[in-house]
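Report on the following structure.
Chain lettering (A, B, C, D, E and F) follows the sequence in which the chains are written, and residue indices restart at 1 in each chain.
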Amino acid sequence: MFKLFLMGCLFFITLAIIAALYRVVKGPSKPDRVMALDNIGINLLAGVAILSILLHTHAFLDIILLLGILSFVGTIAFARYIERGVVIERKHIE
Amino acid sequence: MSWLHLMIFIPFVFAIFVPFVYKWFSGRVHTGWFVLAAPLAVFLYLLKYIPSISKGETIRLELPWMPSLGINYTAYIDGLSLIFGLLITGVGALVVLYSIYYMSKEREALHNFYVYMLLFMGAMLGLVISDNILVLYVFWELTSISSFLLIAYWYQRKNSRNGAQKSMLITIFGGLAMLAGMIMLSMMADTYSIREMLGHTNRISEHLLFFPAMILILLGAFTKSAQFPFSIWLPDAMEAPTPISAYLHSATMVKAGIYLVARFTPVFGGTSEWFWIVSCIGLITLMYGSVNAVNQKDLKGLLAYSTISQLGLIMSLLGIGSASLYFGYGEESTVYAFAVLAALFHLINHSTFKGSLFMIVGIIDHETGTRDIRKLGGLMSLMPISFTLTIIGSFAMAGLPPFNGFLSKEMFFTGVLTVFESPVFGIKSIGLLFPIIAWVASVFTFIYCMILVFKTFMGKYRPERLDKEAHEAPIGMLLPPIILSCLVIVIFFFPNIVSDHLLQPALTAVLPQFAGAGGIEVNITPWHGWSTELFMTIGVVGFGVLMYRSLKKWSRLYGYFPQALTLNGIYNHLLAGMERISLKLTKQYMTGFVRDYLVYIFTFMIFLLGWSLWLSNDLSFDLSNNAPIHLYEAGVILAMLIAALTVLFSKSRFTAIIAVGALGYLVSLFFVIFRAPDLALTQLVVETVTAALFLLCFYHLPELRKERSSIPFKFTNLLVSLGVGTIVTLLALSANNHRLFESISSYFEDSYTLAGAKNIVNAILVDFRGLDTMLEILVLCIAGLGVYTLIKLQLAGRDKK
Amino acid sequence: MKPNDVILHSVTKVAVFIILTFSIYLFFGGHHNPGGGFIGGLSVASGLVLLYLTFDIETVRRNIPVDFKKVAAFGVLIAIFTGASSLFFDKPFLNQAFGYFNLPIFGKTELATAVLFDVGVALAVIGTAVTIILSISEDG
Amino acid sequence: MSEVIVSILIFIGTAFSFLSAIGLIRLPDVYTRAHAASKSTSIGVLSILFGTFLYFLFTEGYVSIRLILGIFFVFLTSPVVAHLLNRAAYRSNVELAKVSIQDDLKEYIRKTDS
Amino acid sequence: MNNTVILPMIIPVIAGLIMVIFRNNIRFQRLLSIFAILAVGAVSLLLMNQIRNEGIQTLQAGGWAAPFGITIVADMFSAILLLTTSIVSLFCLIFAFSSIGREREEHYFYPMFLFLISGVCGSFLTGDLFNLFVCFEVMLISSYVLISLGGTKLQLRESTKYILINVISSSLFLLAIAYLYAITGTLNLAHLSLRVAEAGQDGLMTTVAFLFLIVFSMKAALFLFFWLPGSYSAPPTAVAAIFAALLTKVGIYAIFRLFTLVFYHEQETTHFVIGILGAITMVLGAMGAVAYQDIKKILTYNVIVGVGFIISGLASFTSMGMMGSIYYLIHDILIKALIFLLGGMIIHLAGTSKLKDISGLIRNHPYLGWMFFVAALSLAGIPPLSGFLGKVFITRGTFEEGYYWLGAIGLITSLMVLYSIMKIFMNSFWGETYLSREMEKGTTNVSTMLPIGCLTVMTIALGLGSEGIHEYVQIATESMMNPILYIEAVMGGEPIR
Amino acid sequence: METSMSILIGVLFTIGTYLILTKSLLRIILGTSIISHGVNLLILTMGGLKSGGPPLLGQHDTTFTDSLPQALILTAIVINFAVTALFLVLSYRTYKTLGTDNMDQLRGIEDE
């Protein structure tokens, strides 16, 4: 029962991912897509969490944190790109 | 290393020293004097074998080269080798002597000349004395190469280069064919030694490869001996300095083919194929050469065609003589054996008179500055010695007494008549063609001999057409042709000395069934009654004179022959055609467009794998041992498909890269679902860093363009990619249901006890398969350095273009 | 209006600290838990990338004055030498030794040469990743 | 009992996540969608993570520092991400939805720039 | 266990890495790289003798018994190739000293060169399928760097294609490994051989074998050679020479290894297909060589012909053919390096690679000319130079197997090779001399002529003195024709732990 | 699951191949990325799916999924990362130096 429930939740998370993918496809603006990607990342994080309950293992708990980190790093890179066109600046123009 | 081997290698040894000698003494002494020692020494050394060889002995000495492969330099001297060896060194010595006067020590690059010459001489010697067919082949190709160099001696001239290239292509082509034949032969006989092959003739003749091997070896012989239709290289080879022509085309290079045929007669002879091919090609060549010689304007060209024709004559005699092996030992066998004897005899004679003729033509060229028959004339009074020598040589060639050519020509007629009189291999009435062709060709031979003598020396002397004032050559230059001409006459009067000491032992080498009997009884005499042969000769002379008289009238016929159909035309056409077709084809598929290459590769893959799968019948779709699939997993798969398709259809690179990122994240979700935490972690990080890399590079890259390509282009791409996808899927499905063995990875589940690690994947990475990891970080490190150099080192701006 | 990154800067400082700590955890936990040299190295790299993202190359270089190409090479060297060290003990190449020792503070501890190997891996990964990213960003 | 609590938390999380996904599709422009993407997703994920944390705490007595860190990290970064993205959007001149009534920032920028 | 086996793989790597760390001292880099290559050569000589005396040498990396760990195996075939590799790379390296240019030297040329060698050696030595992939990658990625090092327009354009094709082939390689792993559950070559023999090589395995064939064909330029002519004409001479000498050979080695050790049960299918591919390769390659009037093009197409010819020996799968292949492989590595160095030298002197613009070089450069002549003959397999024996035995092998067409094509294409290469000789060395020494675009010097001279001497010596290496080649052939030897050497040893 | 994975991999390969066959360098690189995802998933699938717990000892599971393919994929991922990085940089260098990213214009046969 509990398992079935978890799978159901996972299914909805998957749907959420697909919804976000729709946003990636649809756009229309770049920030939209990046936001969708970030959202996919966050949803994946949730999915992994549920999966680790489902599989009853804490092998995947590292992934949760790492996903959080990476989705953060990635999104910031994208944001920089959108904002400035350059991802890493050689020298800060303050 | 025996004395014999040493002697064979002498020319090579000399060749090494020639450049030094040239460097040190070139100003003072002609290098030729140093070189002369080599052929002379070998000639004298070989002379000492005559007594023992004429008694029927043979000498066999082995020098290991690659003993473990059965390839040794086995020197083998019997009568046949000895004749050739003496010719090579004897004529060689004379040619070197001649060249000392012919080649100016101031103007010519003598070191090159003599190095090539010695190489060639050594190669020829090695060729005729070696018993091992592979070694024989080595020397064979060496003669091709060194003659290539000799012909192109004046490499600045385009004609020399072309002539050299032609001779090389044709003779090496033949050499390769011969190699194939020899390999087949060695497979049949299981040995590389010709001597040992003779012990297995039965096995060889019953083998399936017998006929192909024979054809291939004959190809080698025919190309080398300039037999029809491979004769075209020979006239072009006249671009070489005259001493070379004299050497190559009288005594050596072209005789190599004759040697080969004679040498392999015991192996292949006695069969109708051998008989027909050799004798017919010989007769055709004889005809072709003599007919064409008449039409030549260049003296050397005339001699070249006459050489072709004479070689055809010898070849046909060898072909006819091979029938003797069919009969074993007996009456008819002896009759045919006589043809072989004639062949060998004519071989020697031809070397003498042709050598001298070439030298004289060289003298004429040297002294008048031209070889064009139309410009020459009336030299008789100015160059009397040369004139005499020409008469001797030409009349010998035409088969007139009292010169040795008469003897062998008569014997030739005897040979062709034999075919008519005692038919073999179901010849019947066709046999009549043999003497007829021989006779007609002899008429033409007579005509060109007359041209040679009379057009050059008779008629009006027209100094205005010549480059130089004509006068007699220095004695040193005349000496070699004088020696040869003396031989021509001496042999006529004492043919039996030659016959007993050289020809008989050689005959037993060609026809080994006579070895036990001590040869055949022959007595070569100039006069043997009013025989058919004599009448034929008289006919030749009579008809020849008539024809020569009316030469102007009928020689126009030559003009009617279309240029494109000449052998030369065909050769040029073939060569140009090969280049053209190659270029067209290569350009057709080598487009430089990498997409095309990938299409070829993928198409090939689809077809090969598809064919193999279809052949194997191992396609199977079995869902039973699949792991279960959950709804959410289907959702993830769907999401991946969407992401991948987005990449495909996105018009902006930004969308594409985000979709790829999403795809990567979803892949890592799969890794989680399939219980691979390490993978999921790595995939996530790598995906993020890759995305960041893409973003970094976007600054330097253009926005994605809309693909502007034709419908067929896209359709092909679609088809190919669908094919690839299908093949991958099909293979995956089949492999999945085809797990034959337990994986070895259960071993790794002990990793805690084995390697002290609870994380099996990590244990595999750092311990069980640590080497992989080590190299993998090396790859990473190289890539980092590569990126760095790519960005930092930019020589593009400094391009020459 | 000039961009101001105060929020990002302050958050990044915390985040980088967390990332680095976590990386070290991943690295050392690798033997028994998911993680190891690769992932540890890569996450350190991503932490550094985050630094570069929020600040700029000059600033970071001033604080971390390291030639990352040499780091990468050095990492690979370490990995190879741990493997090659077994040559001196007449053991097969890459033979990893491990044992349990009673250390004063940590109690019973497992020490393995594999960890050294992993250090090499991590260094190589960090060095390469940062080299690549820096090279590209410096190209103008 | 423990399963029930975990279930409730996860259910809440999933519901939030899913709803925010719907928001991501339905909302008119990037700025409004950012609400859905950051706020509600964050709460959804946080509750799911917390649920997971509790699950392992109850069933195994396992206190996962990584999960706590993860919760903390998401909690920390999610607003920053939203902030940066929106700023980027604004700076790259992404239009506001037509239904928007007011754009204070525009006024402000005009003032400071001039 | 024999730790010597691993050394050819790691010595260059260590040397290269040290050079990366001490980047600025060029003289040190040169010395160290020479030293490293010499060490590899010495080790491979040592290995050859060990193998001759004690049989195939193996090393279970990390002490994990096969098939669980990675086994490094040096049989005679590998050892011979190692030695040849080290010789050739030594000469290419010396050639590079004066020709590669200061800038490239400063940008990790020597380390990359050594990594390439290491990858090549690794590929020759490894006994594990996946490790083979990794070694390939080491080799490939350093070749990517080498081919693009300098970033001239031509280099960039061609290296893009080169990398793309190789990325695809690497993906396919992994694909093939995955399928094979699914079927057999193992990666160790010896173990694979055992398992394939046990289960019988069924249709699916043959299909997977074909996939491997495609992968290696792409690397070896066997039929799928389209990328090669462009790529090999892009980099500087020393690099092109080492590429031509080694890179395709690694692919050939892999094909040999796989189709003699693992997939040798269905010869009628697999080896026949290999034979057809070899024939097509030879014909197309020879046609390409004949077609062009450009030195670089002619030489690169000749590389392709060589590949087809070597593969013919495998297609025959007789010990005669195999022996021929080994001989020819050694010859081909040497001669391809030599001819590329010579061709590069001509281009360097004349400043162009178009034959119609070059003429009469022999007047000023007689030694170069005659060495080119010798090399040209050797390339076409003219006796008694090094290509001859290989040619004879391969041809005999194909004949013995009944593939007369294959042998015939081999011989005919060798004539076309001769024609194409003589075209270079006759056009660029013979003819009127236009350029005086001063007008030439470049000069020769000791560092460029020494390697050319040495390689020329080697091709002559190898031809005349084949007896000297015959014993080794014989052993190599035996172990190729008899997989049991290999399997026993790998699997027979007791695990260390 | 294996069947659906096989089909997914096939689709990934199809898309990747299609992208590789286009003219734009960037699309080609994206194509190689997708193909490498396909390859990684394939290796995993070929190792057998979900036959046990994650390959970590000391947890509840007694059976484990095949750990060898995971190690292989890990290596493959890293190598692929290295190659992609190099390829990417090369392509933008090509673009900057030669002024085009269209493979059709990079034929390079004009200089014959």
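Please note the rule applied: contacts are C-beta pairs under 8 Å (C-beta built on N, C-alpha and C of every residue); 3 or more make two chains touch, one makes a residue touch a chain.
The chain list, named the UniProt way, goes like this: A = Na(+)/H(+) antiporter subunit F1; B = Na+/H+ antiporter subunit A; C = Na(+)/H(+) antiporter subunit B; F = Na(+)/H(+) antiporter subunit C.
Values in this document were obtained by computation on a predicted structure and should not be read as measured data.
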{"item": "Any chain in contact with chain A as well as chain D", "value": "C"}
{"item": "Pair sharing more residue contacts (C-beta pairs) when B-F is set against C-D", "value": "B-F"}
{"item": "Most widely separated chain from chain B, with each centre as the mean of CA atoms", "value": "D"}
{"item": "Identity of the most central chain, Cα criterion", "value": "E"}
{"item": "Gap in Å, rounded to a whole number, between the CA centres of chain E and chain B", "value": "27"}
{"item": "Chain centre separation in whole Å, for chain F relative to chain A (CA means)", "value": "21"}
{"item": "Distance from chain E to chain C - Cα centre to Cα centre, in angstrom", "value": "37"}
{"item": "Interface hub residues of chain A, defined as touching at least two other chains", "value": "13, 15, 17, 22, 30, 34, 36, 55-60, 62-63, 65-66, 69-73, 76-78, 80, 83, 86-88"}
{"item": "Residue list for chain C, restricted to those that touch at least two other chains", "value": "3, 8, 15, 18, 22, 26, 32-35, 38-39, 43, 46, 49, 69, 72-73, 76, 80, 83, 93-94, 96, 125, 128, 132-133, 135-138"}
{"item": "Multi-partner residues of chain D (at least 2 other chains)", "value": "66, 69, 73, 77, 80, 84, 87, 91"}
{"item": "Pairs of chains found to touch, sorted by chain label", "value": "A-B, A-C, A-D, A-F, B-C, B-E, B-F, C-D, C-E, C-F, E-F"}
{"item": "Of chain D, residues touching chain C in the complex", "value": "66, 69, 72-73, 76-77, 80, 83-84, 87, 91, 109, 112-113"}
{"item": "Chain C residues touching chain F - in the complex, by the definition given at the top", "value": "32-34, 38, 125, 128, 132, 135-136"}
{"item": "List of chain E residues in touch with chain B within their complex", "value": "13, 17, 20, 61-62, 64, 67-70, 72, 103-104, 107-108, 111-112, 115, 118, 122, 130-131, 134-135, 137-138, 141-142, 144-145, 148-153, 156, 160-161, 164-165, 168, 172, 175, 178-179, 181-188, 191, 195, 199, 202-204, 206-208, 210-211, 213-214, 218, 223-224, 226-227, 229-230, 269, 273, 284, 287-288, 290-292, 360, 362, 377, 382-384, 388-389, 392, 395-396, 399-400, 404, 407-408, 411-412, 414-415, 418-419, 422, 426, 429-432, 464, 466-467, 470-471, 474, 497"}
{"item": "Chain A residues touching chain D - in the complex, by the definition given at the top", "value": "2, 5-6, 9, 12-13, 15-17, 19-20, 22-23, 29-32, 34-36, 38-39, 42-43, 45-46, 49-50, 52-53, 56, 58, 61-62, 64-65, 68-69, 71-72, 75-76, 78-80, 82-83"}
{"item": "Chain A - residues contacting chain F, complex", "value": "55-60"}
